[in-house]
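Each of the next two complexes has chain A plus one other chain: chain B in the first, chain C in the second.
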Partner chain A sequence: MASETPPGESETRLLMRPLNRLEMLSEQAYAYVLLLPAAILLGLIAFYPLVRTFTFSLRADDVFGADPFGQFIGVDNYVELLSGQALIPNQFIDPAMNEPLLRQALIVTVLFAVLSVFFETLIGFGQALILNQDFRGRRWVRVSIIIPWAVPVVIQAMIFWLMFNPTIGWGTDFMQWLGVFGDNPLANTSNSFIIVLVADIWKTAAFMALLILAGLQSVDRSLYEVARVSGASPWQRFKMITMPIVLPALLVAMLFRTMDAMRIYGLIDASTGCEQVPTLTCLVITSFNARRWASASAVAFLTALVIGIMVLFYIWQFRKTEGGAM
Partner chain B sequence: MADTETHPDVEAQQQSQEPELDRGFFEAYAAKMISNPDRAYRMAFYVATFFFLVTTLFPFYWLAMIAISGDNVADVGIFTPATPVELGAFIEIFTQLPFHRFVFNSFLIATVATVIVLFVASLAGYVFGRLRFRGKQPLLLLVLVTSFFPPAAFFVPLNRLFNTNVDVLRPIMQDGSLYNTPYAIFLPLSALFLPLSIFILMTFYSQIPEGLEDAARIEGTTRLGALFRVIVPLSAPGVATAGVLTFISVYNEYFFSSLMTDGRAENWAPMLEGVLGFRGQFAVDYHLMAAASIVAVLPVAILVVVAQEKIVSGLTAGAVKE
Partner chain C sequence: MVKISNTTEGDKRVAGVSRRRFLAATGATGITLGMAGCSGGGGGTDIDPDADIEEDVTVELAMDQDFADVQSGIQQALYDAGLDENISIEILPGDFETDSRQVAFTQALDAGRSSPDVFMMDSGWTIPFIVREQVVNLEEGLPQETLDYVKNNYLESTVNTASNPNSGDLYGVPVFPDYPTVQYRQDLVEEAGYSPAENNWSTEPMSWLEFGEMVADVWEYHGGQSSYDYGFTTQAANYAGLSCCTFNEMMTSFGGAYFGDHENLFGPVGERPVTVNEQPVIDTIRVMRSFMHGSDANNAHPDYPQISTSDLVEFSEEPARQPFTNGNALFHRNWPYSIAINAEEYGDDLGVMPIPYGVPEGEGSYSGTGGTAAALGGWHLTLNPNSDNLNASAQTIAAFANENVMLTLFELGGWLPPVPSVTEQATVDRVGRIANYLDTLGIAGQSTVPRPVTPVWTDQSPLVSTEVHDAYTGAKSPSNAMSTLQEDLEGTEQI
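Right, the complex of A and B next:
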């Protein structure tokens, strides 16, 4: 097209004078200007609160005061949390587990994350292997596998709450028939843990499936032909060709899911309740509701730390297998 | 089974082609699978597909059975509704609680958050995807790290911030605080889901050839004009992907959505409070909860059916970029 100036151009130029300044900037400065909205949003909602959470956690609880934060006490909150002296609401104390509260929450959370990610990887791998085939109706199978992923957390919780509700659910009968559950699983810690675990696997296996599927589809099909000709069994083809190529995608998917599982809250709050399955985030909210805001901040910051350590661990592992992909 | 015309053994013999053996249907099938392993894999494929379809879809079917069971909901079976079947629950959810208002609140919050995220992430995605500048890698890492933090780590200060009465806001809000307003939900959620959209858009924007942008600049567009008139329209699939994922994530979110309002529809409480609202303190309306769940899940289910390619590519692009 010809590069003649349209008639209205000069007036527009005048109106756009503030924008014209952008034209003068160096690429470096322009980049920073465009990043400003993102920086403000993340700064205000993420970085500033994170720092505040840390400073709050160094103050004492003042349950009855106008300001819920008392004087500066340093790391005492953390010491109390880790040594079990903290007076966080007692409802978490399970007679069977005479552990300090935070350690209970930490164990429950990490156990939940490990188990859910493990089973989601297994099931997700199965789903991905199926979706990787060519067959009629593949599109609809994929839709029905993704749908649980897109279900709102509250409805996911509702489904499983109803399923194990003593009045109308069939899940309790079924599990009792298997000999696993007691009479009212929603009021029992270990049964509730299993319910929450199953609910989480039901919803998020699809996420693993999609990420693994992306890895599977990046496998060069001709490799399989070569392997077939040289007499490799399907299992050998899977082990020698599929696995090594899928592994990086798999590790990334597991990283995402682990972090997500570590912050579980909504599913528990809406189904079994935080009393039954006390995860770290649950502990933050119960302490907060008891106006122990400083303790809540300390737990929250510890949660962030634990997740941060896990992320570092994964990235370190990833670097080892991939030779640094970042 | 024991038909006089064709004896099962005869049939099995014909199928298995091993006349000296006396085999039933399953044994014959097993024999074929041993002689032809591909058949076994195909069988395993069908069984697994069936298993996954049932496990993912059955809960919705059962939810529907509860919803149409009416007042006799306690008699609902695993596969059948209680009799008589009543569809009244789907009307009652809008009269007993203003469930439509809850859903509207959720839609409004999700829409506003999506618009904010798309705009901010477009700028940032352009910078990370196309510009060369010092500090790019560390800043990108910082964005990535933000998406790793648990929302709980932001909650206490944000709650305090949103409960602070600010005089500047007094003309807009009744008491000058953001608590019980949509702002208290869509601001944190925009920030929370911003990183994923930045990664998606960054990937798409970086794939637009340099020449197209240069051509637009020579034609006389401003830098921002080139971004919003050339790069963003050409990356429409990427923008749609980021938009769909953000909308679904915000609509589905629980943590901030449940903590930043007092749970009343007129105070902008989102859909989740509506669903939980039917689980009253004294009586639980199971059929209403199920009906409300179905109504609330429909929009996302439709979105998944319509935009499944976008969702798949978005999730994988976001993760692979990392």
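Right, the complex of A and C next:
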């Protein structure tokens, strides 16, 4: 006997089918479906400019044309950049080593990122451990540690520029007294690198301290009591309790700082200048300003690639920690 | 439109300076500039130079802080020259340094911004904007009378840097040319036993060796570095001013050159020799190292004394001027704008002399080298094709081509008139103390060395400044730096 379907029921079933299918999905698949709209949006915002930058980088520079992009030249810009033959004042990298190491943008940038993140993490951790203690005047100490983070980059750069200015600064004499710097640190590549490094650490260690402090404050203090009663030394308490709990927050902080350090520009531009500390972003800006838009696009794309590799390195290295799963 | 006259109907008094010398001097700078490898022709924008401006319009001019400070004086001079009173000007103070201003203008024009209406562009980088047709061809934007006046009366060398190198069309109106000189504290020099007037310091250039020994002596007489931070200040920072100007003129005075004979300064690119890895060029660096570090320093010239400190490698124009104006330096090399400032500070105690020479004129390795040499600078007004006020802006530019306006600019900021005959009318009463130094400026104008403005100079300039700066600071030896520069410049010549 043929069964009769009530009117409208088939349409309702059709409508319910995708919802039912969603209900049948595993937790993981369901999470991916929910993330899909955001992923598409991010893809448009983040990847479209990247793809456009890449297509621009495959064209020649036309410094004297109304259109700054010349003909299609494939990967010639990349070949010139990676062989140290690009027509720009500072090279991306110079395999022949005709240029000093601190004049090669990739080396300067990676060295800056590694050193700044290392010292900022070290100092930030120390500051966070102090701030995590109960003591009289803790509020004032917190303020003094956080103040550098609140200073705008240009002001921060001007402070250091003025400190080493030949006519009014005191920093050069002091550093010479310590036997560290030469006569004109702002005109010396290695001295300028150190000035920028110290300026960045001075400001950004506070950022690390705040993120690590957030991690520290999530530690159940009774764990320390138990460990102390069990006879654990301060180092053992740090290693066995503090570090594992803080590590996820620490890794996130280090990742953010590494990405920031790889893109440093403002601090350099307003203090020593890109001539002395030519980072990757400096190279993008100087090439762009010289109306070498295709070369600037190639440097920008390579910079994104280098940062991407460093991020992957973090994720790969720490994939087994809770933070690595972020 | 109100008729704008190019001639002054005001003060016709004769200046108490050598007119003939100034005319001879400025006429000698009228060399023909050429450009190699440029392309492009005249672009057109619909402008009516005779249009009536019926509503109040504000024309924005991107200049610098010094011009902005005297905006009301300039505005009045423009009205006196016949500018329609419905047009008011607003001077936007751009960055003082030429590199930064070039970048800002490039971005504004590439983005198609309508503001500012008028750009003041360095003569060293106006031509790239012209060949890209990013500024208005003034052949269609200015009245014929103004075009004729500019082409027939302005310094030819400055007009050429404001014109399309292929068509000859005018794209900019020169506001002022620039020739550097050395300023000094005449009172302190005389106290040390020297007689600038008797020895004609204002018109007879001395050699760099004589200059160095004299400055060292005067500096020592007055207590050396414990009393004055610097015997001499100049510009030796790593910036465009080093390659175009201070190094260029000093190297030229020692008989060296970037591209051999001076006829090669403007090309043809790729067919001219690169001549920086040669002894006169290396000697120039060694002399500067002696001036900064003393004759015993590494890679310094043994015959030249210390007359300054290594701080020079951080000095562009203003950082070099400030110690002199503040009384911490005895001698100072700079453009005429600083004469106006320092004359205000020191009055009759300010002395001015031509730039010293390395080897006598004619004894250089290449034609045009040797003898005193002053880098030729200057600035032009160009019109933004995206401006919302094209007619008013064109009329404003035309009003600058007026003798009274030129004299007002000379008076207000020490900006030299681009028309030599107008400079003759300058008296102390009309333009202030800077009129006392016209003889010296005439000598400077007679011995200008243009910057090598070719299509590849934008790429070459930072290469030159970086290598020379490295040699100045001691990061590289002079021969290593010049060897690297030789290769780099040869590479850029192959574009």
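Definition applied: the second predicted complex is superposed on the first by the 261 of 326 C-alpha atoms of A that agree within 3 Å, B and C clash if a C-alpha of one lies under 4 Å from a C-alpha of the other, contacts with A are read in each partner's own complex, and residues count from 1 in each chain.
Here is the rule we go by: contacts are C-beta pairs under 8 Å (C-beta built on N, C-alpha and C of every residue); 3 or more make two chains touch, one makes a residue touch a chain.
Since the model is a prediction, treat every value here as computed from it, not as a measurement.
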Partner chain in contact with A:D134 - chain B first, chain C second, else both or neither = neither
Regarding the shared-chain residue A:R291, is it in contact with chain B (first), chain C (second), both, or neither?
-> second
Count the residues of chain A touched by chain B and by chain C, then name the partner with the higher count.
-> B
Identify the partner contact of A:N188: answer first if only chain B is touched, second if only chain C is, both if each is, neither if none is.
-> second
First (chain B), second (chain C), both or neither: which does A:T167 touch?
-> both
Once the two structures are superposed, pull the chain A residues common to the chain B and chain C interfaces.
-> 165, 167
For the chain C and chain A complex, residues of the former touching the latter = 38-40, 103, 106, 110, 128, 131-134, 229, 237-238, 309-311, 313-314, 319, 322-323, 328, 455, 458-459, 462-463, 466, 469, 473, 475, 484, 491-492, 495
Residue ranges of chain A in contact with chain B within the complex | 1, 3, 5, 9, 16, 19-20, 22-23, 27-28, 30-32, 34-35, 37-38, 41-42, 44-50, 52-53, 56, 126-127, 129-130, 133, 139, 141-148, 150-155, 158-159, 162-163, 165, 167-168, 170, 202, 206-207, 210-211, 213-214, 234, 249, 252-253, 255-256, 259, 262-263, 265-267, 269-270, 280-281, 284-285, 288, 293, 296-297, 299-301, 303-304, 307-308, 311, 326
Show which residues of chain A lie in contact with chain C when the two form their complex.
-> 63-66, 68, 85, 87, 89-90, 98, 100, 165-167, 183-184, 186-189, 273, 275-276, 286, 289-291
Chain A-touching residues of chain B, taken from the complex the two chains share = 37, 41, 45, 48-49, 52-53, 55-57, 59-60, 62-63, 66, 73-74, 76-78, 116, 119-121, 123-124, 126-127, 131-134, 136, 139, 141, 143, 145-146, 148-161, 187-188, 190-192, 194, 198, 218-220, 222-224, 248, 251-255, 258-259, 271-272, 275-276, 284, 286, 289-290, 293, 296-297, 300-301, 303-305, 308, 311-312, 315-316, 319-320, 322
